[in-house]
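The letters A, B, C and D name the chains in turn, as written, and every chain counts its residues from 1.
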Amino acid sequence: MKRSLLFTLSLITTLMLATTVFAEEARNFFKVGVVIELSGDLATGGNVTKRGYDLWAQEVNAKGGIDIKGKKYQVKLFYADAQSNPSSGASAAERLITQEHVDFILGPYSSGVTMAVAPVVEKYKIPMITGSAESPLIWTNKFVYTFGTVPPVNFSGATPINTLASLNPAPKTAVILGSNDTFSKATAEAFKAAAEHAKIKVLKFNIVPAGQDLTPLLSAVRGLKPDLIAFGGHDEELIKMVKSLRQIDYTPKALLMHYGVTEPAFVNALGKDANQVFGASVWTANAKTSSKILWPNAASYAAASMKAFNTPADYTQAGSSAAGIAFQVALQKIGATPGMSEAQRTSLVKALEQVDIDTFYGKVKFATSGQYYHANVGMTPLTVQIQDGKTVIVGPANIKDAAPQYPMKAWKGR
Amino acid sequence: MKDKIIRWGLPVLFVLIAMPAVIHDTFFLRVVTEAVMWIGLAIAFDVLAGYTGYLNFGHGAFFGLGAYTTALLMMKAGWPFALALPMGGVMAAVAALIAGFPTLRLKGAYFAIATWALSRAVQQLALIMDITGGPDGMRLPPFLNPQFFYYLMLAIVAATFALLWYLLEHSPFGLKLKAIREDEQGAMALGLNPTKLKMQAFILSAVPTGILGGVYAYWITFIDPASTLGDLISDQALVMVVFGGMGTLIGPVIGAILIFAFKTLFWAYLSDFQLLYLIILGAVIALSVVFMPNGLWGTLGGFKKKKRDHENKLETSLEARLQKNEGE
Amino acid sequence: MPEPILKVDSVTKCFGGLTAVNNVSFQVQPGEIVGLLGPNGAGKTTLFNVISGYYAPTSGSITFKGQDISGKQPYTLATHGIGRTFQVVKPFAGLSVLENVVIASFLRYPKRADAERHAWQILESTGLADRANLSAASLTLAGRKRLEIGKALALEPSFLLLDEVVAGLNPTEADRTVELILQLKQQGMTILIVEHIMRVIMNISDRLVVLNFGEKIAEGAAAEVAKNPLVIEAYLGEAAA
Amino acid sequence: MELLPQALMDGILLGGIYITIAIAFSLTYGVMHIIDFAVGEWIMFGAFAGFYLNKWTGLDPFLLLPVVFVIFGLIGCLIQPVIHRVLSGSKGNPLLMGLVFTFGLGLMFQGLAMTVFGFYSNSTPSMFSEGSFFFEKFGFSLTISTVRLAGLIYALAITMALHYLLKKTNFGLGVRALALNKDSAGLMGVNGKRTGALVYGLYVGVTAMTGVLIGCILSVSAGMGPQYTIFAFFVVVLAGMGYLAGVPWAALLLGMVQSIFLIYFDPGHTLLAVFAILYTILLISPKGLFGRGV
């Protein structure tokens, strides 16, 4: 009996030790929690997002910190891996909030993890901005403390279709496919709605299991001879898609995808076959933006990214950096210093709702009602196309850098 | 044996019950809640894998089924959680009954692959159905009371442990299952009905898993096919059970605690080295299979047993006589 | 003549095109030891498996204590009082010797404590008590065969099917096993035994049934059967080949 | 109807890829009774080997196949003794332990790959990747991608080579003896350890070569492994585990199922169909389509 008593006592002691109370320290820097997918299925996007947050913190600190009423406060990022899993994401947020006492949170890449993290930040009243989640799903839930800088796909997906529809001659028929994950499915649905609205006839619309080889399906698509093939999917799926089309030797007049086309890996992997693929984007390195905060324009941000990571920046990364900027601006506005009280955090949310700024990334302005609640609707979504290995803005007409190349050059003639 | 579990189990239970009163760190509570959940999943997995010798790669499907049943009843039918939760267990039992009859006829690798294929099919089904929300998953109303979920999880897992302890280590049922594991044909000659026993084990393994799925859904407030119906649940339960020691109840508990603690510490405090996690976890699994095929607990127990066997050999007949006299 | 305990009535068992047991009939009276004899491949083990419920007969019937048991599952037959051993002994290797027997004892003693007490008695009577807590895998062949009998006995059967429980043992071990079998007979057990060692089977059996190529070629007292020209031919034929 | 020839052709070409994923996998199961959960990871490593060797040497990946085979064959030979140790353990359930061991190995490989190769997807260029053959007759049209055709030819060549190796050489006799009975093969003078190591090396080598091919036809990424593990399982189970002659037919069937489903049914249900078929076949005939599995 003695032994088990000893055992009990040691158990209790261990537990006590495990919970050393963290004193509320006075700090001269902002503690920023970062909940992202550093491992697991979504690690690719998670790491792009991380680069965006890192670059923001690096730049802020290089400038001495965030200027609050004349005093500069550095920012320090505290990461927690969500492992691409909602429950780990929720735990990660809880740790950052209750153990690290972070002032605010930069959020996950995927909507699944965001959905599990949002109730946690809601409970502790910690504002969170996700720099990359773009599923419409998040915003219809109307989380008060959750914001996003990348517009949802149903907001951005229509633009490239409209660009294509404005061509002369415009594509008349389309086949629209989407991979069966939240983001890709929403993308395909957005494409479909826009195409129908633009009077492009949708010959075939399918949601397909993620990661599959779609060659046979594309063989069937070829029989329909659509002018436009639009596909919602993730990086590897997009590469496979182009390769499949090339292998069955079908060149539609236009090939449209969403996020992933602007990713450097897309051009690297496909070489000249990547050319003339259309994509939807909200930002590119040659976007015409101007700003007074951190980076004066898109080009300087792109250069900073090249310098820091030796990787070209895409809009996920840019949106993530912009999330930091949004916090920065709102903090300055309410004059909050590190170690914010609950009241301050509540007013930070109010301040975020009023943010209306021009950044290197474009205009950041969060919707305060409707289906895009707290998503960034200040942006002008772009139509991009890969031209000679570079991402070029080809729409909307008033801000385009180059004319869209249409129809696409046959694979064989390249 | 019975003595021992009360002597050691009660203090642990007492400490676990008292813990939230002492510790107010909600993150810590959340981690312990999840650890308790994994203990439940691991011991339920072991009923079939360790005791009966059937490796169920579809274990996670019961978890997802429970999660979705609870979520659907709450969200679509407006049931209260208290009623929807048990239905998660009921659905798991029904599914086990339906899937068990054909699947349990298969043996060894065939059973493992069949259960895996079936669970993948269930996941695909959840991905394409409308009512489940497809890839978007489902959101439940947030009820973010950490103590509530901690005690609920603890109660369910403690009850599961007690029930399994009674059935597997105390009542004849456990030994009968082991007989099935060792030699199904031979067991039949001794009056054991393998079909019935395997089915009972399958249901016994499924029900707690389904209920835990229901608690998980309400606790995390969000479920989707990737997180509740993916490979994660089965894979991790398998790893915990193998590492801790199959065919025992303490082994999986130890395995679950150690693996989960390792995982949590790694991501919480070593996020920068995140990729090392997979490498280390993989290596731990592979090496533990090579060097401790009986798992941590089995290996420790093995040392003890060897010693005991040795002593036994010296004084066996004496002991036997004593035992027999006791019996008469 | 008393009611036979086992009645095998024109039993045939086919596997695909192969007839392993062909139209075999015989009876076993309570309390006797019947030896089942035949060269390799004669269908003895198949017949055993049919009687103990592992195979359903293709045609014909088996009656046990006046009840038709053809096609019933082995575990049902165990409750009716049929115990059997296996030619290839496979104890539950991961369990202790005691646990092996306890599992069988559960049939009559559903409570664990009772079953354990009963198992100890069985171990005593089969001479395994001193190895009760060892792993069954650690037993020698003789030990395993003994354990096999022990497990069958723990079912408290009224009818025992023994499949080559002596073969492979050294003479001392063999004698001990024979002694055990005779002891069982004295206690009133009915036994059907397959055995290759002539010395053993001739000595202990009250009657012999001889199979060859799945058919019954002879039946009767040991001395009688040994003189039967068909039997001699079957065995010599085998020896010549 | 006019799609049918194309649907069948696509199915056959897809099947070709699956043959090479599964055939060596089936061989190892037959001989060593190991279900290798890391099969997809070997494909992934092979794909990266092809990608980088091509990048550094500029040689066409098809010419690099022998190099990849030798490198990975050696790795396989070196790892096999560990697996052998796991599988011949007297305690626990060896089959299960082998499964868990390779599962751990697979996780480790994934982690390593992500650390070393990063997260991005790549693609290996080849001289075959650009062309295609086009036929048109009687209102039917048919396109055959050169690189997929090359893959099919490779698959058939591997199948023939394995067949020859097993049926006509002494090594093959040893392998078959080992597959039938470990103990008596040893009595007959087959060096079980060496033969086992060679078989595993052969398997890893062939699987890695398949990876090179997949890198050319589809893509290369650190996370690509598990999906090919799925297909390997499917084909091997369908063929009857360890029954080599069934593999090509099962692989073609899988290719056909996918192709037909993608074209004629709701493409969203393809994977559901694949898993449902796998499960149903296991229930009806656990030993595979031909009832010849081990």
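Simple rule for what comes next: a residue touches a chain if its C-beta (ideal position, glycine included) is under 8 Å from a C-beta of that chain, and two chains touch if they have at least 3 such contacts.
No experiment lies behind these values; they were computed from the predicted model shown.
Think of each touching pair as a link: the shortest run of links from chain B to chain C has 1 of them. Put simply, the chain nearest the middle, going by average C-alpha positions, is B. Annotation: 48 Å between the Cα-based centres of chain C and chain D.
Chain A and chain D have CA centres that are 36 Å apart.
Chain A and chain C, compared by their mean Cα positions, are separated by 74 Å.
Centre-to-centre, using mean CA coordinates, chain B is 33 Å away from chain D. Multi-chain contact residues of chain B (touching two or more other chains): 124, 128, 275, 277-278. The set of chain D residues touching two or more other chains comprises 114, 268, 271-272. Pairs of chains meeting the touch criterion: A-B, A-D, B-C, B-D. Note for the complex: chain B touches chain C at residues 170-172, 175-176, 178-179, 181-183, 185-194, 247, 308-309, 312-313, 316-317, 319-321, 323-324, 327-328. Chain D meets chain A in the complex at residues 2-3, 6-7, 10-11, 13-14, 114, 119-123, 125, 129-130, 132, 134, 143, 145, 147-148, 217-219, 221, 223-224, 227, 258-260, 262-263, 266-268, 270-272. Interface residues of chain B, counted against chain A in their complex, comprise 7-8, 11-12, 14-15, 19, 22-28, 30-31, 34, 124, 127-128, 134-137, 139, 142, 144, 216, 220-224, 226-227, 232, 264, 267-268, 271-272, 274-275, 277-278. Interface residues of chain C facing chain B in the complex, by the touch rule stated above, are 52-54, 73-75, 78-79, 83-84, 86, 90-95, 99, 102-104, 106-107, 110-112, 115-117, 120-121, 123-124, 129-135, 151-152, 154-155. Residues 35, 82, 85-86, 89, 91-93, 95-97, 99-101, 103-112, 114-115, 226, 230, 233, 237, 241, 268-269, 271-272, 275-276, 278-279, 282-283, 286 of chain D are the ones touching chain B in the complex.
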